[in-house]
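A quick write-up on the structure given underneath.
The chains carry the letters A, B, C, D and E, assigned in the order they are written, with residues numbered from 1 in each.
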Amino acid sequence: MQLARVLGEVVSTMKDEHLTGLKLLVVQPIAASGESTGRALVALDSVGAGVGEHVFFVRGREAAFPFYPAEPPTDATIVGIVDHWTTE
Amino acid sequence: MQLARVLGEVVSTMKDEHLTGLKLLVVQPIAASGESTGRALVALDSVGAGVGEHVFFVRGREAAFPFYPAEPPTDATIVGIVDHWTTE
Amino acid sequence: MQLARVLGEVVSTMKDEHLTGLKLLVVQPIAASGESTGRALVALDSVGAGVGEHVFFVRGREAAFPFYPAEPPTDATIVGIVDHWTTE
Amino acid sequence: MQLARVLGEVVSTMKDEHLTGLKLLVVQPIAASGESTGRALVALDSVGAGVGEHVFFVRGREAAFPFYPAEPPTDATIVGIVDHWTTE
Amino acid sequence: MQLARVLGEVVSTMKDEHLTGLKLLVVQPIAASGESTGRALVALDSVGAGVGEHVFFVRGREAAFPFYPAEPPTDATIVGIVDHWTTE
């Protein structure tokens, strides 16, 4: 999973029907230091995350699991809101 | 999913038979700022996207879902046309 | 699999229910030389790894295997603690 | 999928038995401009591609689809020969 | 698949039980020129590869195929020893 910050939202009228009603968020991966790193991507939300919050998201086949038995065509889904994290 | 802009189209006569009749688009990933980032790739289209439009595409196993029950050998498929997106 | 060092832990109250009770660790990939390389990520732990230890983790669909028959939405799971490794 | 140019071939005597008789090609990813970008990889061929040709290949689980019902352990397979591509 | 050179071995006492008895090798990806490129990773061996040899490995879900019906939690497995490769 990847730590990230929620930057905003994507508005899309023409989209796959299995994405209807799901929130499409723009998320910025962050390093353990909290700094942005790498490019932003679009993730579905499964935990009620909002703009400005720190979250972690899962990539790949598992990104659809939180919506089971629905199978939206997603490769990135937010699966947790981060309270805080520790580093050595 | 990744934000991208549609750059053009790939013309291919010799290809996997399960790709017949599907549109092969060249897409350029973009950052949250709208700037190009990283290398272009080839994606299938499932939503009627055209050259110059902003879209988002899904990678991996899920890229075949929009064509179900067909299973084209695709690892990247456009699943939405972007109206606009917000960032903080 | 990727060699990594465990940097710390992620605390998350709001998360996917299938992650409940699982340890979320911040791991830093390392090169064969032992130096940090690339960005840190969040991995589940399946072998009792602790902060400061060297481990290796598996990505993708296989990351859920150690929790079978449970299927937590994970794309990175620590599957071994490293005693040492050799290079030419 | 990724645009690429076929650079050459890999000769391997000791290999997984499910790769026997399949062509292992060295492919160099290319950008939309036609320039090489990123590192070369090894891909199976499913369309009769030859050295010097422009192709596109698919990664991941789908890379085995063109060989169905066989399941060679491949994560990259050429699924089309490119006649040409357009960019804006 | 990726060309690589075998650098060494990982010794791990505490690991997922499905990895017991399997060889964990440190592999360094190489470019078509033979030079090292990118970071080393840990791969299982399915073909009897040894330190110093050139090999190619497969990533992702397919990495478990050579061990069928066993399903070790692996995302990278060596599936061939390279005799030589050609480039234009």
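The rule is simple: contacts are C-beta pairs under 8 Å (C-beta built on N, C-alpha and C of every residue); 3 or more make two chains touch, one makes a residue touch a chain.
Please read these numbers as outputs of a predicted model, since none were measured by experiment.
**Student:** If you walk from chain to touching chain, how few steps can bring you from chain A to chain D?
**Tutor:** 2
**Student:** List every chain that touches both chain D and chain E.
**Tutor:** Both-contact set = empty.
**Student:** To test your reading of the model: what rotation angle superimposes chain A on chain B by C-alpha positions, in degrees to the nearest 5?
**Tutor:** Result for this pair is 70 degrees.
**Student:** Rounded to the nearest whole Å, what is the centre-to-centre distance of chain C and chain D, using the mean of the C-alpha atoms as each centre?
**Tutor:** 31
**Student:** With centres defined as the mean C-alpha position, give me the chain C-chain E separation in Å.
**Tutor:** Using C-alpha averages as centres, the distance is 19 Å.
**Student:** Could you check chain D for residues that touch two or more other chains and list them?
**Tutor:** 60-61, 63
**Student:** Applying the stated contact rule, could you write out the chains in ring order, opening with chain A and then chain C?
**Tutor:** Here the ring, read from chain A toward chain C, comes out as A, C, E, D, B.
**Student:** Quick one: which bits of chain D touch chain E in the complex? Just the residue numbers, please.
**Tutor:** Where chain D meets chain E, its residues are 7-16, 18-19, 24, 26, 28, 39-43, 51-52, 60-61, 63-64, 71, 73-76.
**Student:** Can you tell me which positions in chain C touch chain E when the two form their complex?
**Tutor:** Against chain E, chain C makes touches at 1-3, 29, 31-32, 37-38, 46-48, 56, 58-63, 65-66, 77, 79-88.
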